[in-house]
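All chains are identified by letter, namely A, B, C, D and E, in their written order; residue positions are counted from 1 within each chain.
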Amino acid sequence: MDILLQQLINGLVLGSIYALVALGYTMVYGVLGLINFAHGEVLMIGALTAFSAISALVGINPDLPGWLLLTSGVVAAIPVCMAVSFTIERFAYRPLRNAPRLAPLISAIGVSIVLQTLAMIIWGRNYLIFPTTLPNDPIVLHTFVPTPEADYERIVSITPIQILIVVVSALLMLALTFMVKKSRLGKAMRATSENPQIASLMGINANSVIAATFVIGAALAGVAGVMVAANYAVAHFYMGFLPGLKAFTAAVLGGIGNIYGAMLGGLLLGMIESLGAGYLGQLTGGFLGSHYQDIFAFAVLILVLTLRPSGLLGERVSDRA
Amino acid sequence: KEVLVKIGHIAPLSGPQAHYGKDNESGARMAIDDLNAMKIQLEGGTAKFQLVAEDDAADPKTGAIVAQKLCDQKVNGIVGHLNSGTTIPASRIYYDCGIPQITPSATTPKVTQQGFESVFRVIAHDGVLGVALAKYTVSDMKAKRVVVIDDRTGYGQPLADIFVKQLQANGIKVLERHYTNDKATDFAAILTAVKRVNPDVIFYGGMDAQAGPMLRQMRQLGIKAKLIGGDGICTTELTRLGGDNVGSNVLCAEGGVALSKMPGGPAFEKRFKARFKTDIQVYAPFVYDAVMTMGMAMKAAKSADPRKYLPKLKDIRYEGVIGTIAFDEVGDVRNAAVTLNSYGPQGKFPLKVMN
Amino acid sequence: MNTRISDRQKQIAGFLLVAVALAALPWFASMLGNSWVRVLNIALLYVMLALGLNIVVGFAGLLDLGYIAFYAVGAYVYGLLASPHLTDNFEAIAALFPNGLNFSIWLMIPIGAAVAALFGVLLGAPTLRLRGDYLAIVTLGFGEIIRLFLNNLNAPLNITNGPQGINMIEPVNIAGVRFSRTIEMFGFEVPALHLYYYLFLALTLIIILICMRLQCSRIGRAWAAIRDDELAAKAMGINTRNMKLLAFALGASFGGVAGSMFSAFQGFISPESFGLMESIVVLCMVVLGGMGHIPGVILGALLLSGFPELLREVVVPLQNFLFGEVLVDAEILRSLIYGLTMILVMLYRPKGLWPQRKGQHANGVRGAT
Amino acid sequence: MLQIESLSVAYGCIQAVKGIDIQVAQGELVCLIGCNGAGKTSTLKAIAGLLPFKAKQALFKHDVNLLNMPAHQRLRHGMALVPEGRGVFTRMTVLENLELGAYSRHTGKQASKADLANDLAYLLDTFPRLKERLNQTAGTLSGGEQQTLAIARALIGKPDMLLLDEPSMGLAPMMVEKIFEVIQQVHLQGMTILLVEQNAHIALQIANRAYVMDSGLIDYTGLASKLINDPRIRETYLGQAPA
Amino acid sequence: MKPALFTSTGLQKHFGGVRAVDGVNLAIEHGQVVGLIGPNGAGKTSCFNLITGLYTPDAGQFTFNGKPYKPSSPNEVARMGIARTFQNIRLFNSMTALENVCVGMHCRTGQGVLGAVFRTPAQRREEQRIREQAMALLNYVGIAQYADYLATQLSYGDQRRLEIARALASNPQVLALDEPAAGMNATEKLKLRELLQRIREDGKSILLIEHDVKLVMGICDQVTVLDYGKVIAQGTPAHVQQSPAVIEAYLGGLHHG
């Protein structure tokens, strides 16, 4: 029981991280139809910027409270990510608005290489240790009584930063949904995503809408970057790759372009990985172990998409002729 | 008069393993400077050592291209590559062009078992470490409940396999095996699964970049087991990566003698830090010694011609910062000492030297 | 009549010229260093890969991010059949082949292609209903699944030897000539690298021919129709399912051929050679060169595989020349230039470096009738 | 209202519009007719800013320079286009499409919510089919329904000048009548209209003036009532043998 | 009398609450032009989609050539001999006009990969035939001079013609046209009418959706009028034109008398 509960919490935390990254991914996809391969790199920039900011603050005054440090990290990361993202949108994607579908994808891959290299120049190649901001000690949610078969410390726990991650991603999802569904910008985003030309006939400035989406997505990536780095306590120029990939997977699983979908996909992927790693071995009698966790996750993805070709919550494109 | 001696060094300088690669390169640079300072006399003049440093991005195919390139340039010797996966295909190329190669960090036993007489290794291979660790686990730690995790790389997997095999030979069955990868940062799921069997030792076959966060997460999940592993986690970096979760609960084995125990060790560390403004990651001392060893063989042969210094290299005996270097018939470092380390408030310290 | 003959002669002359140039290329390259021949060989492998992927992405319009899986399959099929791994690990096989497995290369290449094609169909089948980027993620997943299996199938049965890869793969052996080190042929010293070059070149030419002929055939048109408008293509009587599967299978089989050649050439394969980044690189070659346009794709493959090696030669001397010292680490500058080039090429040539030109652009006084 | 001199549009090397002059006075209903491929759509798209174009002069409301003005700013100045081929947002509902039509009204002077609701109610009464389908995604509407939606969407934006590209395409006869009634009505209420129409018969009946386009050039221009009786026009555009 | 070439009985298709097609019976005789008209949203295009296998009917049967016919997938439908055009033009935009027509011939040709790779004589002959026929078809619809233009480069009216040529390429028995005259002016419609006439004379049956009443009434042998998915009138053009229900729902004031 304790194990299952703990795995669910693990899945929830991991899933929230994926969801947080996937939200930004899905927004950009939603408006441009572009798989923004550089999203993970923006996340990395966010994490490393926060690292620098927090380290500097700690250097000035080592006794600052953790929450303040973390907040300043986020505050530092967001504008930097926004600026970076705005720049890449302006120079690497916007000129390709009317280009063939795959051109911006390749450009995005190029951007991702460039950002990684720049980060390598600025922050070096070594793993950086993200300063401890919130207490690292777990909050014990429940303690089970040890039994003779399980006479270890049977606790179910979560750390403060993990709680923060879950809360932040839920809040951001709500805020985003509200924005997309209710605000003028949201409406403009959806129109632009479908047809920027026609949107411009409605008086919508497609360029600024797209730029705004990128910038919002970048802010999300920045927050995600800080959360990831704070949770795992390491940061590195390559740290964006894996979250980017997972977020892409999560976004597609949920139905790319759909905000609830990103959240659902992220949580689901987190749970699948967590339970997969935890129970694949047991379920198959040791035949398949946790090395099949990713295979398992992808297999679920493929299965879902064969049954629902546009993801769990994706719009089904009805083909009218 | 000067004789130019080119030493090739290859490691990943870009991509996710760039930090190990740069660390290695720095080790090589220091050795080159030291060799030049020694003004070694070869036939025809004073040796002027030059480092030809290349990037293989940890990719076997690129590694082979670079290997060929260094062959074309007729370098006098090779120190590298960092990874076993790149070292194996490249070693065939070096062998074909008759250039001696010393790898400082490719620890898969296979590297030296291909029958290439010009391939050497200054670090204890995974077999040595795995066996030593298993023995220590059984006899010194008296562990009963062991769980093994590896990172499914060409380094972690064979190390873990050897460890498991040796444990079994000593009558202990591994309770569970779990797996992760070398880019992972989240181990909560496998650690929670591990917790179920309540181990007293967790073996990790992989690198410190993963072991650090893993240690944090063990603490968060309330796992009290000790973490043991090979040279990949046996670094001073680990204390940074794992923070205050790294202490007596970590045990690791590295080839050679502990740096702090060697005559030149502490000095090396200090010089390294002063010169490159960064900590040693993992293998820099091994690279340093590899280059020095090669230089010494040339000195002994009075020549940088591979045909002439190769025999000397085979028979060399050199006191390096990581211990005494001499090679056995296949080119592995002879009687590689294995040092078991643990961590304390002052960082890594040697517990025991096994032979 | 007269002009036609001379046209024909011109054609033949041009053809011969190209043939001689291609045949002489490795000899010129090896003057600069044998590593360039190796670069050429790898480039040819990438040409094969890019042409294969081009069938799927360029011709049929199916975005495939897991293409490298077929390369891996081809490589492992060859690697397993031409190394002692299987006989070492399975007594039954060792008993069956007491002298080791040594199949003819003419058998190995088709086997590699066929097995890869089979995997192509396996991948194709569940993705038929998917569009665009959903297809991309499923293929990406498929590619990762294959790599993970290769990485993990070392226990309980040691089929692939896991992360450690397969070593001691026999080099190509054609009519008793074993492609290792330097071979004496007709009194010439021919390095094995050159022999591989000729073999790869021949295979590449065959693949180019197949691609060209398919493109301007009924099948090529059907693929293009699917790419443009799948529904309309269906309504025109095209069996889109079969056509897509055919594209996957053919594309995969080229990947398989390239893979088996890689395996023989390298002598060692391990799963790390078949990661996601490789798939992406091949995709970049196709798009950067000019999707759907065979010469463009070839150009893309040659450039992207040769460019980093060229930079390797240039970056340091150039800095030395310009600033008198090395300011930026070579590998950093290399990655920067590589990434920037990708962006710039797309910005200035969004359809690729050498795209297909079609339609009547020039003399278009339309509507005048 | 609209004053364009020497407008030309090119697609690569294809010169689709070859330097034409177009003037539309305040409150006028001008129609533009011509064969397939004459360049009518290209002209409208250029005026609406969807295509890059060259012109000696392109003025809207005397002082708004249309040269190099991005498309989205035109609606703010009061110009709207109903594009050829409808261009509804297929993944959004009918209501959302209409709301988008009113997108720019927020920034304009007359931002009252009640106003908007009124206009919406009026349009939905005029086109009851849209009311029935209010929450259906526009992509699943029939062709004619989509066309209606596109027109309604433009009208709800309350433009001063409306450019219509073949509004009757795909509409059933009764619907054609309805649409032209509406056009006439808004015209009478003071809206300036430039209408491209293949159904020259009806178009010329309601228009004040007309341009006839052929191969990217203006062939003819004149009062609609004159043109409708012109034998050449009757032959080429109205499908009637020369009288 | 020969049995009808194509019939549908009781055809139904619902979308949520919308009864797009609600019990439609249709019959097309050999060599006939059958009109399908009705107000916007009456369900005409939906009928087409059902007949050509794009939608699966909720209820109803078809016969084709006297045999029961189940349109399983659009490509099967084309192969069986029913070809269509689309209300919103769907050409292959990266291909030239000629290639578009060549694609139309796909299901009437059979060379495979091997034929193409080895350029067998049979393949070359077939390829030759495809080109010639495609060119002939472009000629037939009157846009041969644009054979080398990309489909996108044609104007709206010519694109419609190209769609017809492409549909004809599969040598269908029934040609289903969805508003072919949309976007054409009166004169061009006359030319279209001649074209349809010619197609009919060449022995094909046509199922025609069109809003141009003059065209429909001028060319059709039979007309079916739909409203809200239901047939409200069926018969000869003259008959249908008189039907009060049709006047009420479709024709309106303009066409009285």
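Definition applied: contacts are C-beta pairs under 8 Å (C-beta built on N, C-alpha and C of every residue); 3 or more make two chains touch, one makes a residue touch a chain.
These are the chains along with the protein names UniProt gives them: A = Branched-chain amino acid ABC transporter permease; C, D, E = ABC transporter ATP-binding protein.
This one's a predicted model, so the numbers in the text were calculated from it and none came from an experiment.
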Chain hops separating subunit E from subunit D, counting only touching neighbours: 1
Chain at maximum distance from subunit C, centres defined as averaged CA atoms: D
Reference subunit A; chain at largest CA-centroid distance: E
Between the pairs A-B and B-C, the one where more C-beta pairs touch: A-B
Approximate Å spacing (C-alpha centroids) for the pair subunit C, subunit D: 52
Where subunit B and subunit C are represented by their mean Cα positions, the distance between them in whole Å: 35
Chain centre separation (subunit A, subunit D; CA means) in Å: 45
Numbers and ranges of subunit A residues touching at least 2 other chains: 117, 120, 291, 294, 317, 319-321
Multi-partner residues of subunit C (each touching 2 or more other chains): 151-152, 231, 235, 332, 335, 364, 366-367
Subunit B: positions in contact with at least two other chains: 14, 18, 152, 179
Of all residues in subunit D, those that touch subunit E in their complex: 11, 14, 33, 35-38, 41, 84-86, 129, 136, 140-145, 147-148, 166, 169-177, 198-201, 235-240
Residue ranges of subunit C in contact with subunit E within the complex: 209-210, 213-214, 217-222, 224-225, 227-229, 231-240, 246, 250, 358-360, 364, 366-367, 369
Residues on subunit E engaged by subunit D in the complex (per definition of touch): 15, 18, 37-46, 87-88, 153-158, 179, 182-190, 211, 213, 249-255
Residues on subunit B engaged by subunit A in the complex (per definition of touch): 14-16, 18-19, 21-22, 152, 176-181, 183-186, 188-190, 192-193, 195-196, 198, 209, 212-213, 216, 219-222, 224, 237, 240-241, 243, 278-279, 281
Subunit B contact footprint on subunit A (complex, rising order): 3, 6-7, 10-11, 13-14, 117, 120, 124-127, 129, 132, 136-138, 140, 150-153, 155, 157, 159, 228, 232-234, 236, 238-239, 241-242, 273-279, 281-282, 289-291, 293-294
